[in-house]
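Take a look at the structure set out below.
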Amino acid sequence: MISEVSVLYFAKGAELTGLKSETVKLPSELTTLQLWQELEGRHPKLSVIREQVVLAVRQEYVALGDQSVSLRDGDEVAVIPPLSGG
Amino acid sequence: MISEVSVLYFAKGAELTGLKSETVKLPSELTTLQLWQELEGRHPKLSVIREQVVLAVRQEYVALGDQSVSLRDGDEVAVIPPLSGG
Amino acid sequence: MTEDVDSPRDLIKLTHEKLSSDVVSTSVTCPSCGAISMFIGTTRDTFEGQKVIQLEYEAYVPMAELEMKKICTSIRAEWPTVRHICIQHRLGVVPVMEASVIVGISSPHRADSLEAVRFCIDTLKATVPIWKKEVYETEEASWKQNKECLWSVAGKK
Amino acid sequence: MTEDVDSPRDLIKLTHEKLSSDVVSTSVTCPSCGAISMFIGTTRDTFEGQKVIQLEYEAYVPMAELEMKKICTSIRAEWPTVRHICIQHRLGVVPVMEASVIVGISSPHRADSLEAVRFCIDTLKATVPIWKKEVYETEEASWKQNKECLWSVAGKK
């Protein structure tokens, strides 16, 4: 199964990909680490932030790891570099 | 020796004495408790705040007790009821 | 002064406009509260000796609002007497000395709002998806990392 | 931005005018500070179930200024990175919901100004010769006592 999701990039992530957002077809069931690897496969420059990044799936943080996520069409995924608000 | 000092009253102290300030002749050397007793002698109603009061001599706090103070002409003494600023 | 006027409010705002401490303090004032505690984060002119000429903030806006709302919920669980909470964060270019963030919290007695403000700004730095870029006199720029953020270089240590 | 503009300021004011949080925050803003912490004390509309219709403050003005200055000195000893300190206290009649006191403190990093603000308001209540009278709906009035004041009924316990 494949889902079509929106991927959002911010800050350093947007600089590295040259994108603010894109629509991507991804496996509907995968681990958060696999999700990251899919994105890094599309944008190899993202590797420079691999050690300092988490993802947000449907606006909830997920760390890169074995946790599985289900993606549905239209879901929102975001690459979240270290925060610097405040 | 006698000194002529200004005595200031605030808040409840001003209500009890009916005065904001007065000029008083007092012994030049006395303890802080004697200083209070002099003032209470002039204004017996002050006795109601005796347990919750300190004095200020030349704008420095002094508790009622054995500590001696020297008063010079023109010195400022104040009766300081419990504070409620802020 | 109906009960309604005074019922707890969580006021969250991300804006490109200049922030005002009067607007924030007024928004959390209430007749039964004796205390308003506030924190104002302003942009600094130097970082490690380099002169900062500009700061720019961007946010994942809907998620940032969600995370700010979560902070409000946590505050109310920990300090139930807190009345109103206002969190404003500026986006886009913020000139040096202007406020990037203002937090205002009211409570009947001061200990609660003082503690809640500190928790609020500490947690905001750790969890709200907002990013700051410093632009230096040398025209170099750097995306900052809050040490409070668990996946930052400092946060991982 | 000369060194002079940014050198530490202790700003103390007792006034019959309405207080403004913007005036206080602006007065302590400085280009090298990222943090301004503030406390605003406002007048409450009830005390132990009685409706308060008015509050009135009086001060032993020159000594109050001296004691506020001492607080500034203590803050600078304890939190040496604190930059500017502003303490304003209103005198005379203060309507409900208006500020009776505003403290604003700036520092490069927030922990210092947050802690210093708390110390400042706690100490002000304990040591600065200012008195508040609450006037109730019943037309009774009462001189208040801060529990922080060592010679108050609560302070002696």
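Each chain gets a letter, A, B, C and D, in the order it is written, and its residues are counted from 1.
The working rule: a contact is a pair of C-beta atoms (placed from the backbone, for glycine too) under 8 Å apart; a residue touches a chain by one contact, two chains touch by 3 or more.
The chain list, named the UniProt way, goes like this: A, B = Molybdopterin synthase sulfur carrier subunit; C, D = Molybdopterin synthase catalytic subunit.
Because the structure is predicted, anything quoted here is derived from the model rather than measured.
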item	value
Chain located farthest away, centre of subunit C as origin (C-alpha)	B
Rounded Å distance, subunit A centre to subunit B centre (Cα mean)	73
Euclidean distance of C-alpha centroids - subunit A vs subunit D, Å	48
Separation of mean Cα positions, subunit D and subunit B [Å, integer]	26
Sequence positions of subunit B contacting 2 or more other chains	none
Junction residues of subunit D - those touching two or more other chains	41, 121
Touch-based graph of the chains, sorted into line, ring, star, complete or other	line
Touching pairs among all chains present in the structure	A-C, B-D, C-D
Residues of subunit B that touch subunit D when the two form their complex	8, 10-12, 15, 51-54, 56, 59, 61, 63, 78, 80-86
Footprint of subunit C on subunit D - complex, ascending	1, 20-22, 24-25, 29-46, 96-97, 106, 108, 110, 114, 117-118, 121
Residue ranges of subunit D touching subunit B (in the complex, touch as defined)	41, 57-60, 62-64, 66, 89, 100-101, 121, 124-133, 143-146, 148-149, 151-153, 155-156
